[in-house]
């Protein structure tokens, strides 16, 4: 893994300790190269060699990593994915990327929202963006996987059946999202300090400006065929892990709570990781901590003819590392739940 | 105060210790009568006589209370307000009520949402519902005040300038609300236990069914003249205090972030308790803990032509006890900030 | 399992989902009989049949349970263990008990501290009290295991090498213990509410009166041969899980930090669950959340000639369910780490 | 105030907003000079001029500050106090110092523990170290006050009556201390991040090496006349504010719980800020959040003949800013409770 010092990287390494079919080859990180793995991620201190040191993202280290690996996980800065992935693919190493570089089929969207120029537009077209419960069929046998973002995963799973059937009015979707503090990354600053964030709740970002917005819009378009603008507003809650997205959408026609639940069941009743609940049984983020689960609920608000959905995941579980392992299991032909069907940390 | 064993009651007693112009006459509680005040509310253990016992809401105790008081604060079960308030007013004691009984000018709304029959519709008409920054002019000299609910207070203060000018499209307002655990009351149950709620985030209630919904709708109508349906969805965050409402509304015409800020300034720049912030400076709930402050921000989302607002208060401060004292100061002719201009507990 | 509605029971069920060699036969609970398992323990909602109902501790239900099980886990009220264990053993079912009934070789100690009369003193003598890292040799092939308490486990593992060598002065040990809120049990009350316990730290119990005191004293005596009085004072911290005991003891002779570390290594370097750290690398409780790990550290305070030790475990992991599974693995001849070598929930 | 960007500085500024007899003249900080006060301390954003900028600790700025002030509060790096205090005293400005420079009557202790050379030993002798409830008589009319540290304040108040009467065996005192995260300062690092510290409990420092150790020993000596070595071990709990010290001491003779309570009452029953509790009523740190209170309890452990005490304060309240204001009130002849008799943030 390159970018192993990130929270997503740490969760990959943590989850991998429970995966029976994998072995850690190398860890690398552009920023924390040279540090000991166990100092960066105390969670795995007894699971890997205490002398393991993070390699760098230099060409030399990359060659070493690629020559000894079957799959490369990437969590690197915007723009850095392309040359690394190119080299990996040339060596027959499969790539699963955590970042946004190859998330957009149309690289113009990436250029616009991330303020960078894309020199590898073909790679974006070749990459497969996949939440397995929606697009797993497209990933089998593929070598370059774009692992979806945390908020987009929670959102798309909730919207899937309704968007697919075209029940939602264009441009009416509002995604109010809440994340735990691991979602804000590992770089320490005042707002992330325990004494400040404990007991605090706040929104962040420019209104409408979070970079997960076009990713959710793309998912909706990929599912439903029609482009629809989405309002997406993230918040931070005083807990380390967990995302809850509460989604509001205008429906073209009335629906009942029972029909909503049934539509979720139709999609997900055989899915081990996506758990629909009846209207009123709101998902708790704590049901997902440390897991690859997504708990879902939808209800119809008669007075205002709106569909209200709630979707809970662990931002670095199903929202990053868990889904990456799920995708890895798929492209290597392993049972999809291998190593990631573990219960949440509750209470 | 009757209902003194509630969280709102406890915060009243806590805040009153800092009020130079009041003295506690009696405390009573239907449920906890006979308990010692300091056992119920450790916060004030050194501020009131340790032998003070909560009276009951019996006629005898009420007579005793009313004969020795200038103002009566009520936090009682639905339906119980009317006979107590009637008696108090007859004795010349002013009444400030924390509950919903007299919040609706049209008692039919109350009957419908609270599933009770109102036998005192005239009292509802006589009562003055007042967030001081919006309706303080109507309360001077009045004797029966309905103290607004926590979510409605945070919502109305954010919506005020835009609703008043008719800028918002009918039926387009969505209020996504988050509260700390004191908002769930003092009756212990599994979901309120520390081991369960710590690290957890969830929505609650029936979608569209929270009883604060018609109160927000009434506020909007009182401000703007037009009835508009509102979507209101509450959540609970793992922190003891604080509310953040994030409000989404479609605007009839485009606006700029600067104009939004200016509209807030026009309304609130001389208000000591309502603090507007520029777009991007999102309010933190922790800026309000233990206070009567409301921190506000609005931003315009060009892509989707939506106004996004955030409003933070302490649910039992400006959302209950703080505002009740503010209302009391007004009706007794005291400076409005008396005893409640205190800084938040941060960090 | 009987007593399955407890926190220890919930953690058993949670951990068992990761154990490849076991299958849940029945769950029962004297207090919560008739409830659905998934309502009591949301953590395992997708791992067991959603229709599974908790049986009672009636004779009829016990017969049903015992006829279909190889091992019975018990977490029941003081005094209730004996008749159930007697019946189980008669049917050839092994028993692992979480409570205190059979923890004391001398049942008089139990009678004295728990204020009950012991009618089965022989059963106490037959039971094997075992922290595997200290007494695993005595459990092989045994049928009645007393699973140690949480505080005593953390304490004994820290004290083991020093007590065994007789380095500690008699009556000089002080155990200052801190637990997360799951340690206070599942019965909701005011002090356990999130709004009260969040941000709060306090001691509890009568000074010197916690019932884990004689258990720690017995462990010390079992290890070192000499009876020594111990001061034990527990506290509650605002976190769901985790115990840290900080132990102070007078040494008969000076020692160095390096010698302390070496003594821990000598005992534990091949133990997968007990992890010694060098002086100054204080254990974090969060390194143990959800696991069977114990992180240990000792340092010598030259100025005062005192040994200071810190020992961290998850109170319901190594402190209850994890250790019970470890004991089960041993008595059934499975590799000791089966199903419980999982990483902690960090961050 | 110089050092105004610290947590203690922030709490000074926060508490000062409730003090009727003071006005902020200047704020300065060596490290954060040039920053806006309201950016550094959001708690006071509406209480001071939003354009107020932190001055530096340059000579020029110091002159400006001193010429416009009656009292100077200092929270600066070790060694920096002396020249600043000298200049202030020369200009007739009283000085209250939060640091350790002038805490030790014998400057050798300071040199030894802080690894610096003291060039102003006379200033250490002239300074008055004062917890008002113990040494207020010595501060009246004085100009140079050393404000005690947080742990030493909590410890000395608990030990006072027993040390004064010589009841405690020499070298037997053990102080097990727990602090909230504000106690770890404002410099962000990995261990202080919310995602790491939330749900975590740990000790810190070198065993026996915390610099508050000699300060507690000095207090004991000042009270009781005899030098006694003390074991002091600090921990960090996942809460922003609060200290609980649990103190263990061997008594020369038996005592009863009632006698202990009575000895506390004899000392503190007329003290507004120090609140004794009966044995078993353990203090909660949350009773002190944001205040100058100290809640105390002592109990006798018959089995081991040990006195166990617990003492709770807010580490930046009575442990820093609150006590500094209390000391200021005393030396300026104001009623001692002026501005600081406020209730805690509970719940």
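Brief remarks follow.
A, B, C and D label the chains in the order they appear, each numbered from 1.
Note that in this section a contact is a pair of C-beta atoms (placed from the backbone, for glycine too) under 8 Å apart; a residue touches a chain by one contact, two chains touch by 3 or more.
Computed from a predicted structure; not experimentally measured.
Taking the mean of C-alpha positions as each chain's centre, the chain lying farthest from the centre of chain A is D. For the pairs B-D and C-D, the count of C-beta pairs in contact is higher at C-D.
For the pair chain C and chain D, the distance between mean C-alpha positions equals 38 Å. Centre-to-centre spacing of chain B and chain D amounts to 37 Å, using the average Cα coordinate of each chain.
The multi-chain contact residues of chain C, meaning those touching 2 or more other chains, are 7, 180, 182, 193, 195-196, 198-199, 238-241, 284, 289, 346-347.
On chain D, the positions that touch chain A within their shared complex are 7, 180-182, 184, 186, 188-190, 192-199, 238-241. Chain A makes touch with chain C in their complex at residues 7, 10, 14, 17-18, 42-47, 182, 198-199, 240-241, 272, 275, 284, 287, 289-290, 293, 342-347.
The touching residues of chain B, counted against chain A in their complex, run 171, 174, 176, 178, 180, 193, 195-196, 198-204, 206-208, 229-231, 233, 235, 237-242, 244, 246, 248, 279-280, 282-286, 289, 299-304, 306, 308, 310, 312, 346-347.
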